[in-house]
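Here it is, the structure, as structure tokens.
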Amino acid sequence: MGTSAAVNQIYAHFSHMTGRFLSVRRKTEDLCLPLTDEDCCLSVMEETSPPKWHLAHSSWFFERFVLQKFKRGYESYRPEFDFLFNSYYRRLGSFVPKFKRGVLSRPTRDEIYQYRHFITESIMGLLETIKPEDEGKLLKALEYGINHEEQHQELLLADLKRNFFENPLRPQYLGQVFSHSEISENKWQTFNEGPVKVGIPIEFQQFSFDNEKDQHQVWLERFQLASHLATNDEFLAFMDEGGYENPRFWLTDGWDLKEREKWEHPIYWEKQGQNWWTMSLSGMIPLELSAPVAHVSFYEASAFAKWKSARLPTEAEWETAARLEKKVGVFLENGPLEPIPSQENHQVFSQIHGSVWEWTQSSYRPYPRYRPVSFGMTDDNEKSMCNQFVLRGGSCLTPTDHYRVTYRNYAYPQMRLMCAGIRLARDL
Amino acid sequence: MGTSAAVNQIYAHFSHMTGRFLSVRRKTEDLCLPLTDEDCCLSVMEETSPPKWHLAHSSWFFERFVLQKFKRGYESYRPEFDFLFNSYYRRLGSFVPKFKRGVLSRPTRDEIYQYRHFITESIMGLLETIKPEDEGKLLKALEYGINHEEQHQELLLADLKRNFFENPLRPQYLGQVFSHSEISENKWQTFNEGPVKVGIPIEFQQFSFDNEKDQHQVWLERFQLASHLATNDEFLAFMDEGGYENPRFWLTDGWDLKEREKWEHPIYWEKQGQNWWTMSLSGMIPLELSAPVAHVSFYEASAFAKWKSARLPTEAEWETAARLEKKVGVFLENGPLEPIPSQENHQVFSQIHGSVWEWTQSSYRPYPRYRPVSFGMTDDNEKSMCNQFVLRGGSCLTPTDHYRVTYRNYAYPQMRLMCAGIRLARDL
Amino acid sequence: MGTSAAVNQIYAHFSHMTGRFLSVRRKTEDLCLPLTDEDCCLSVMEETSPPKWHLAHSSWFFERFVLQKFKRGYESYRPEFDFLFNSYYRRLGSFVPKFKRGVLSRPTRDEIYQYRHFITESIMGLLETIKPEDEGKLLKALEYGINHEEQHQELLLADLKRNFFENPLRPQYLGQVFSHSEISENKWQTFNEGPVKVGIPIEFQQFSFDNEKDQHQVWLERFQLASHLATNDEFLAFMDEGGYENPRFWLTDGWDLKEREKWEHPIYWEKQGQNWWTMSLSGMIPLELSAPVAHVSFYEASAFAKWKSARLPTEAEWETAARLEKKVGVFLENGPLEPIPSQENHQVFSQIHGSVWEWTQSSYRPYPRYRPVSFGMTDDNEKSMCNQFVLRGGSCLTPTDHYRVTYRNYAYPQMRLMCAGIRLARDL
Amino acid sequence: MGTSAAVNQIYAHFSHMTGRFLSVRRKTEDLCLPLTDEDCCLSVMEETSPPKWHLAHSSWFFERFVLQKFKRGYESYRPEFDFLFNSYYRRLGSFVPKFKRGVLSRPTRDEIYQYRHFITESIMGLLETIKPEDEGKLLKALEYGINHEEQHQELLLADLKRNFFENPLRPQYLGQVFSHSEISENKWQTFNEGPVKVGIPIEFQQFSFDNEKDQHQVWLERFQLASHLATNDEFLAFMDEGGYENPRFWLTDGWDLKEREKWEHPIYWEKQGQNWWTMSLSGMIPLELSAPVAHVSFYEASAFAKWKSARLPTEAEWETAARLEKKVGVFLENGPLEPIPSQENHQVFSQIHGSVWEWTQSSYRPYPRYRPVSFGMTDDNEKSMCNQFVLRGGSCLTPTDHYRVTYRNYAYPQMRLMCAGIRLARDL
């Protein structure tokens, strides 16, 4: 490739990244349009953060890892923000503990927006004046920041739903209308034994997180995977047959937790008279039987699978199947922020991309030849690689551009905050 | 007294109560003027409630105990408010638990204000149309509601201070300037033994809470009471002499708590370099050495007293002394919402009214012939009469009209939320 | 009094004390005769200590406060015992925390007995060689140690009952047979208003704890006191009328605790089929309806009183009544270690001495002119004077010689370990 | 094989099993010889059980799963033992919760031994009279019971060590003398990439637990494994270089736990003056620098590995290496119940069998085609397959006969109770 072609390519990349940057920044703010000032300050549990914090933290990230690194003589917008909006990056010094984020009635929403706009404009200014030798690194950092902000878009909505659920009024974030669908039938798809490739090659240029690397070989035994996600209807059947009362179905740790916290159904479900309702970002809505069950923990997913005489897939099994489907599905931009019934726009595996994160039975551990990549930025992913399970596939709250088939999300087995559901597998 | 004189008297009483009602309602809202919408939603611990909740709850109280009782055919403003803004009144059904009040980003501040104004106007309308036979009861209920709202004015500010303290920015509620004063000297005042009268006679007409009744006789032994409140200067000396490190000074329960929670100074104090600062409603301010120490728990007060070879007074001792001073002092309306140095405008006992609540060594227990008075309203005071100590004297956050010399406040010995200080006593 | 008379008197006192010492030492060991080695090591909760610890600690007390102080050149029996068997005496340095006492499988029971006998003999040797000028102090220390060991005799049995109750086999400590009695009727006894004297004069020679001093005057209003203790029969009626389900009867702190710990009856009660049984030191026995209710907390006692439209007495009221009865009753030495029905061997107040400790409504606070007396020995009583209530009257587990009418026991309102019951009072 | 040869083979098998049964039963009792009655009752934390419970529970297991199943008309020795000595087998009904096992001062040690002997003799009687068609099943059940009792032999000693450690006297279980050795040097052994076989084939006759099956293929990348276990000397170097203070080395969950529980060294280590000591079953002994570090949690092992720029092996890597060494090492029967320095009696991998359990980085999850095998006996292994990591290799407390190279032990990452150490691996 000749020099000018290379320059052109960098320029194209540059221009593309600038566009993505502006669009991501705008979208985070758009997501907050329906919120009152009070909503922006809302967080009543340790697991969640208030919208205002997400708004500020995603800006702080650009300030800390782009502006402070690449803009000569850059001075902090307000030094105390470094303390307030740092999150878990222990290496960077102290920070406001998560359970205290709800205390930030000040700085006000307006002040946060001023901060955002200052950061966005400073980055744009920086891009115009960047030295050629820094371009590569800068683009990498920018790309990381964009992906980071996209993660927080999903968290912002998931956290909001959880906190709104605590309010006895069950407020609406938006006023969506849902329509009913027939339940389409699950079919078992068989895969033969043999070696498969999992993950992204280390040398690959496309953005990905360090935990998706290195591509490596895994030997799969013969197995079957469900064409469809488990539905609310099926989960109700599990409940009706005593699923929450029978220790036979449950992992011991899950059973003990369930007993202690008195779980009797998925977190957002509520029975009113004879009918089940569920919390959504449109407030309480009637439970759509043909929609995928959502917001279940690994423990619930695993008990359901056992009741079905099946199991959860490994992530290698899941990835092998998902590579057969194009990335089409219900994501943040094209859906009602809630899983909906199967739309039958797939080859074999319905809703394998988008809709709900799918629990795998794989512990979240490093791939072979894993190298933590932090480029000085953050605590690396490796620190979290304990006690968590991998989730795959993206959800109706995930930004489309953020997701790819190798994407590894992860959560503790008790977590029900993220929009997670179930696709079954079984041995032959 | 002739009939028309009686009518006139009732009318005067009526007119006076109407005036107090409007003024109290207005004042609560005035107290919230410096707050942002986000501040109004702020409460990050179980011990406190957000300003919006205080605004709404004090209205709910009038709705529930005046409008619903005296206004024929009255319908709830919004039925769900009965659930949201009921507090601890178990007899009236379920309610939002205290630690969840911070979740109420909705209803918004505007909606709460509309609610307040609706209630205020409805009460005013009711007063114009009340039937003569209900007048007496109505006035009693109204008076109770007014006193109740005054209590919440103090709580609103104390809670706000506590929550602002959690914010690393330490926001200001108002921008007060404090001036320095010399420390005036404490003198011990001697009282001889003999019988004294404590409390308010049951038949007394003036408003008081049930816990101030019945007036009864107590035998006092000879004792001395300090003319002045313990100052920050004296408390620093206690700290400098290892007050927080020496179990000899402490009650066992207090020591164990102090160790567990790692107390090393009063809650709002903070050392910056060589100097001590303290949280106030004007943000962090330099510690004024000659001002009374404030926001100490019973445990700290008691350890300080022991270190001084003194003790805390009983409430009978305190009341006997306080009756010698007119009700002049620093209250909500005439001070900087913070205790200030002694102003020497007293006969013998400086700042015995206002400034800081004064811990007594008396457990909060019923007076002889105590009769719980709830007039169907509330959980009676008796239910709290366990494990708490009596505080006397009002504070710089107490509305002047709310306070009288027989007033019994109370708190658990570990509490540091209310603006409480120390006046010493000793045996002879 | 002539010199030789004085000498004779000291000698008589001396000889009496020696006798008491030997008899107390023997009795503690006799109480352990029915126990296996494993029982002696048993303690499975923080509130209790194992028998072996009581055996050793009461010896350690004599070693530390008598032998080490009065025996020239005395060397510790085993230095590590100072650490193992010190209890809460913070001033004397570190100690094994209470919840760890169950860990002491070593030293073995035999080693503990050797320790006991060594101490007993050393004390006896000391008494023979004591210098005349030390005699007074020594006797005081010895007397304190004797009283201390008597306290631990009661604790040993109460702790054992609690721990045996945790064993699903509900072992027997002894095999007592209980006979049935008719219920004798309660009568209300009226007392007129006026001043009474409470406590023991400071200058009094007879042994008493510091918390019983100084005698002082209290003004009583007219009141009535129940002639009989509340019975199991009456307590069952309270339960049958929803006593444990109705918040109206309960102090708020008590209600919250009861809900949290799911109390539905006194701790040792258990329903088998249609009949109630209760844990005793003879294992599970049928509940004797006419016996006094026992092992209730202050919260339960207070709720029961409220249900009866009565209240608990103050300790001044109780002491005034108890002075009318001779010290006759069911104590450790003359009963089945369990409260039994009223024996009608009283003037007016049945079982006011012995049987069960009687909850008063008085917070455990110092008497006027209280002076902590530790003679260098212990943490003084004053440190505990917070959050506890006074219990009066001794119990069926209290050594007779240990008790007197001014004796003040105390406990936190939630405690159900000691054998405590209810005598009601009411206003007129 | 002719009939008589088959009969002979069964008979030989039978006779072998009988011998193992008697020998295992005797050994458990032999292990308790050095214990006092009080020691046998000792358990002061939820994680451990008292020796008496292990003695009884391993008998109960034979009663419940052999005698009750195969002996016609068998009646329980004492029905309450079914409740007392059942452990976690939820399917079989209720049981004494683990934290309460320390309460069982009764039944006494003597009663437990009578129970043991009754069960042993009943089994022997049963073996003589068994019907031919039951022989196969009976032998399987017996073998399971023998392996179960062997597991409890290790637990008994590990629990005892933990509980003795709580006693400030640090009692000795036995009086072993340890001799010093030179530190032998670790070498990295390289393995090439390729497929390996892991686990035991399902059809295999030799006893194994269900979690070791089915044998399956795993693809290994090139890696290196340490020839020697990490030593105390190396772990001290980790500590000296701030291992416990630097979050960089730690998994987030581990760091948080370490901070909360204030870990600063392995659980049994204690510094006295300049020297480190460690708790052993011979009481406190000087830390032998060349011995393998033991009783470390997964978190500590993982931090140590990170500090060494290495990692823990996967279980497939470990098993591949361990198959190269014969089963020779320090086990329960041939060592001082404590890891000792490398004896150089190996080919390549020192102490890979015995000495200490070796943490792997593999989450404890089912092998492909795993089928829970409970033969009606127990909760299956599958219920535990969450949140735990696999340990391999046996320890100095493991009975030799109990262990094989495919054996999978497992524990939560925070556990330090079992004698577990570290063998490092690294990528190439």
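All chains are identified by letter, namely A, B, C and D, in their written order; residue positions are counted from 1 within each chain.
By definition in this document, a residue touches a chain if its C-beta (ideal position, glycine included) is under 8 Å from a C-beta of that chain, and two chains touch if they have at least 3 such contacts.
This structure is a prediction, so every number in the text was calculated from the model and none was measured.
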(message) Taking touch as defined above, what minimum step count separates chain A and chain C?
(response) 2
(message) Moving step by step between touching chains, how few steps can get you from chain B to chain D?
(response) 2
(message) How many angstrom lie between the centres of chain A and chain B, each centre taken as the mean Cα position?
(response) 47
(request) Provide the C-alpha centroid distance between chain B and chain C, rounded to the nearest whole angstrom. (result) 39
(request) In the complex, go through chain D and note every residue touching chain C. (result) 36-42, 44, 52, 80, 83-84, 96, 100, 102-109, 163, 166-169, 171
(request) Would you mind writing out the residues of chain A in touch with chain D in their complex? (result) 88, 90-91, 195, 216-219, 221, 247-248, 250-255, 298-299, 302, 361-363, 365, 368-369, 379, 382-387, 413, 427
